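In the two assemblies presented below, subunit A is common to both, partnered first by subunit B and then by subunit C.
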Partner chain A sequence: MEQRKTVVALQGVEKAYDGHQVVHGLDLEVQEGEFLTLLGPSGCGKTTILRMIAGFEHPGKGDIFLGGQRVNDVPPHKRDVHMVFQNYALFPHMTVAQNVAFGLKMKRLPKAVIETEVENALRLVKLESFAGRKPRQLSGGQQQRVALARALVNKPLVLLFDEPLNALDYRLRKEMQRELRHLQQTLKATFVFVTHDQEEALSMSDRVVVMREGRVEQTGTPRQVYEDPENLFVASFIGETNVLSGKVLEIPEPNKLKALVEGVVCVFSSKRRFSPGDSIKVLLRPEDLRVETLAAKPDTEGRFAGRIVEKNYKGATLDSVILLDSGVRLLASEFFDEEDEDFDYQLEERVSVGWVGTWEVVLPDAP
Partner chain B sequence: MRLRNPTKTLAIGSFAFWLFFFVLVPNVMVAVVSLLSRDESSFVSLPFSLESYLRLSDPLYLMVFIKSLNMALVTTLVCLLAGYPFAYILARLPGRFRRVLVLLVILPFWTNSLIRTYAVALILRTNGPLNWFLVDLAGLRDTPLDLLYTGTAVVAGSVYVFLPFMILPLYAVLERMDPAYVEAGRDLGAGWLDVFFRITVPLSMPGILAGCLLVFLPALGLFYIPDVLGGARDLFIGNFIKNQFLDARDWPFGAAGSVVLTGLMGVLLLIYYRGMRRLGEKVL
Partner chain C sequence: MGKILLKRAVLFSVYAFLYIPIVVLVVLSFNQAKFSTRWDGFSLVWYARLINNSLLMEAALNSVLVAVSSSTIATLLGGLGAFSLYRYQFTAKRAYYGALYVLMISPDVVMGISLLALFSALRMPLGFGTLLLAHITLSLPFVTVVVYSRLSGFSPNVIEAARDLGASESRALRLVVLPLAAPAVLAAWLLSFTLSLDDVIISFFVTGPAFEILPLRIYSMVRLGVKPDVNALCTVMFTLSLALVFISQLLLKEERI
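Our next item is the complex of A and B:
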């Protein structure tokens, strides 16, 4: 495995405002060339972490290292990191070019160098023809690119993003996500991105840090946190998921368990260890569910029986809500199958619900 | 259309009425008077003449204008230099301190400014508290300062009276300013000085212009502060106009001075609006 340099390291970092703890003993390392996303609901401390790396906040406890050097007491303007702000914070009295040149000017670089660098940066974000405009004459997406160019042009150790895509509409957002990812990979730059949007986090990042109330809940690749969530919070925060309660009956073989879930005896696979009698939560993603009408498949062994109470046509998928006989609602999201004539259910139709084997996640029922 | 909203019609109507009778009519009257001749018994009389304006072009009166402009300019500069740091700090204080301090800035308005000017005179006079402090208490000087009845005293008094007019618009702009701009500047490698002069000051330009205008224009037409603090030594436009109306009883001459002053202020306002438009700020 290639050994990459650690660009940012946080060790035992804590932060409190007025006695209210917002970050608890945080350890975090960002590798060179990595796209790391801090993901969590608002108030989970992710922005505070970003601001501590940038130098706007001082950690109460612990240390912050940038490029191997402890920077706790280094003011923001002497740190080799740059931030793309939530509302861009473009200087309204300066042109696009002046905005981008600002950082280089502060480094007192020669004029000619600044000019070329600014030109290159603007070309990178496809805004070379907007150099002379004022920020307010640009669209939201263009302003976003200027903010990006203004940070990129200084070639910082690490670029910080504080929910920069929030103000953009859905399509522009998607476009910027792809573009950011592309830029990051071509420049081999290190990005630390903060967002509360799980879709954004999954689609762009090399690694996702899921946070809640100032603590890290799980760190992993997008695939790991989606497919193998370590706890209920991660599972329900990232993507939609159905949560079912049950009790372990027996362990027929290693990595398998037989359990009574919603009145049905099922067999699940899990790498976690359970003993008979344990309370468990079974997580099933809507897209992993398979719904069959009872008419087409009367055998309900190991499947949940219920009836369709809602169906939503979503274009690529058909989302249906099934009310199980136990009273629990399941959300199923299925791709259209041209071959299947019975695909479209009727409301109130009796169905049985199964799932793609081994794609379930079984977690101990947290006390 | 207009009748559909009676409140709006009434508001606009009364405002127009007010402007017409209390702004337009008096100004037209002053302009007309300035073109009349002086009369011992009834203040003014026909025929129309430009004599008052011709008399104003005397270098003596030109000096009065220049001196007034100079005094107003110095007052404005001192107010800006003193008011900016104050407004800057004020805008960054926690909410409760801020409210108290803004109240303290406005508080002097509750006392008549003429009375406050006499208070300044009391402080500045040879055996007043200032000299008592300088000579007797701190021992910084052997002899008392002769401040009263000097240009410095006039500027000091004017700054004292007009400072709130500088602080309030500056505070309004600085308080509204998104702190992210300063952070972005710091983030991009700018130290405090660079952030202040390259970001904070340019972004607060609307407040600077508004404050300067609010101080400069009234300072230009002042008469009681020079009267009380400057003694009879210096004559400013305001004193000149007041003297013509109340003492010399030469209404046309005083009115001519007033028209020129109004014209001067009009030009300055025009420059202000132009400047604001160039700043890209919507004025009102």
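Our next item is the complex of A and C:
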């Protein structure tokens, strides 16, 4: 793979408001043509990071580089980055075309150039017939596109998105996600996206940075953070997960461990090193669980026994809650099997729960 | 049925009570009779008399001069104040804003006397200068509140968006904030103008004999009985104020996003 250029780099960046630390010693690099998402619950500092890259906030410590240049003291209007705001922040007194032309006008480009560029940008977001409208005459989705075009048209080094899809309804949001991803790939643009929605982050990004309280918890591809979370926070923030506690009994062979979990002796695989006596957390995704009725499979060796206490029909899947004999609840999400048309459980039915081997994640039980 | 009639009657009499005096005044200003109680036929004689009354015209000119300058200065200062309230975060911001309302509701008598006390403590001669300062003080809170309430209807992000797209702070102010605030700024100016033009109480305390303004001139005229030319004058002032307030409300009605 070719070596890509680093477009944005943050080195040891810290930020505090009134003595309250919002961002702790953050290192981050964004490569050219990358779709990077900062994901975390509200108040984790992700928007502050975006605002520091844009120049609206000054880092208390550390350095910010844009295209290799240190920009700590460069004001926002002299930075080659543009932001799409959460509430779009369109200029209400200007038409759609005037909104999009604003950045080019600031660069004092010739009129003819501005006109063609604006036209192109509006075509890109499928709003060419709305050029003469005022923002208030547009729907939320259309306003969103104008905001996008207004930033895109300037071909910045990097485009920043501050939770721009929050105000849209579910379907429009999905549509915009696909469109954004498509645009980013066709234009080979660099996007830094901020969201608290893990589904959004996973479906659009090349890389996801999971954050909590101003610190990076994990950086990786969507697949890495979902399938191989580095800690409990990442595991439970991204997607639903079942967390079980246990104790290591022995290490039968490298990358394997035998442990007592919820009163059952099981064998897990893990690349992490453990020793007998260690407390562990075992993470099992609901879709990796396999539920069998005792009637169909009486052997519960290495499986968790319990009973069905809740079931939710979800269309594509059947989600059931199993109360284990140890008192722990497990959520299982199973696809309907075409060969088994009667696939369903009775409430209070006795079942045993297994999982797809080696898909479990074992973490040391540390705070 | 009777209940509805009663309701209508009450409504009608309240409005009649409020408006009949004004209507009578306007009608009588066109009355040819010298004694205002009898209708002697339509005439513009009192309006002609008005124009030829040099004392009155001078007072009117003074009033307009004070109104124009005080509302211009108040609009500038108040507009800047509104902008800072909108754009910047600073300590006790709410207190500053609240203090404007205190000024707005404080009785004119109190304001007049306190300003007079201030001016005499500073040994300032009463006249145009003191009147101007007093009227700026009177209008300032109204201007700030009118402009601020318009600005606060817009997301503060629009300035950031302008800055982000390459506009310096002053260009963002000129290209984005000013056009957005413009209707409110104009409305605030008109409002200050009428406030200044109509004010009697504060002006009574803070102007000197050398500088007479219209409301005070009228006040001294009616002490010797209401003459028809006062009716004409009041009709002119009423129409002017009404028009200005109407225009300012139209400006403020403009849709926002």
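Everything that follows uses one rule, which is that the second predicted complex is superposed on the first by the 364 of 367 C-alpha atoms of A that agree within 3 Å, B and C clash if a C-alpha of one lies under 4 Å from a C-alpha of the other, contacts with A are read in each partner's own complex, and residues count from 1 in each chain.
Operating definition for what follows: a contact is a pair of C-beta atoms (placed from the backbone, for glycine too) under 8 Å apart; a residue touches a chain by one contact, two chains touch by 3 or more.
What you see is a predicted model; the values in this text were computed from it and never measured.
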Fit or clash for subunit B plus subunit C once both are placed on subunit A? clash
By the touch definition at the top of the document, which applies to A:R181: first (subunit B), second (subunit C), both, or neither? neither
Using the touch definition from the top, say if A:R133 reaches subunit B (first), subunit C (second), both or neither. neither
Pick one for A:K155: touches subunit B only (first), subunit C only (second), both, or neither. neither
Look at A:K256 in the shared chain and tell me whether it touches subunit B only, subunit C only, both, or neither; answer first, second, both or neither. neither
Quick one: is A:F102 in contact with subunit B, with subunit C, with both, or with neither? Answer first, second, both or neither. both
Pick one for A:H24: touches subunit B only (first), subunit C only (second), both, or neither. neither
Share the list of subunit A residues that count as touching for subunit B in one structure and for subunit C in the other. 54-56, 75-78, 81-83, 85-87, 89-93, 102-103, 106-107, 136, 150-151, 154
Residue ranges of subunit B touching subunit A (in the complex, touch as defined): 178, 180-181, 183-191, 194, 198-199, 202-203, 205, 279-280
Looking at the complex, which residues from subunit A come into contact with subunit C? 54-56, 75-78, 81-83, 85-87, 89-93, 102-103, 106-107, 135-136, 150-151, 154
In the complex of these two chains, what residues of subunit A are touching subunit B? 54-56, 75-78, 81-83, 85-87, 89-93, 102-103, 106-107, 134, 136, 150-151, 154
Touching subunit A in the complex: which residues of subunit C? 154-155, 157-158, 160-168, 171, 175-176, 179-180, 255-257
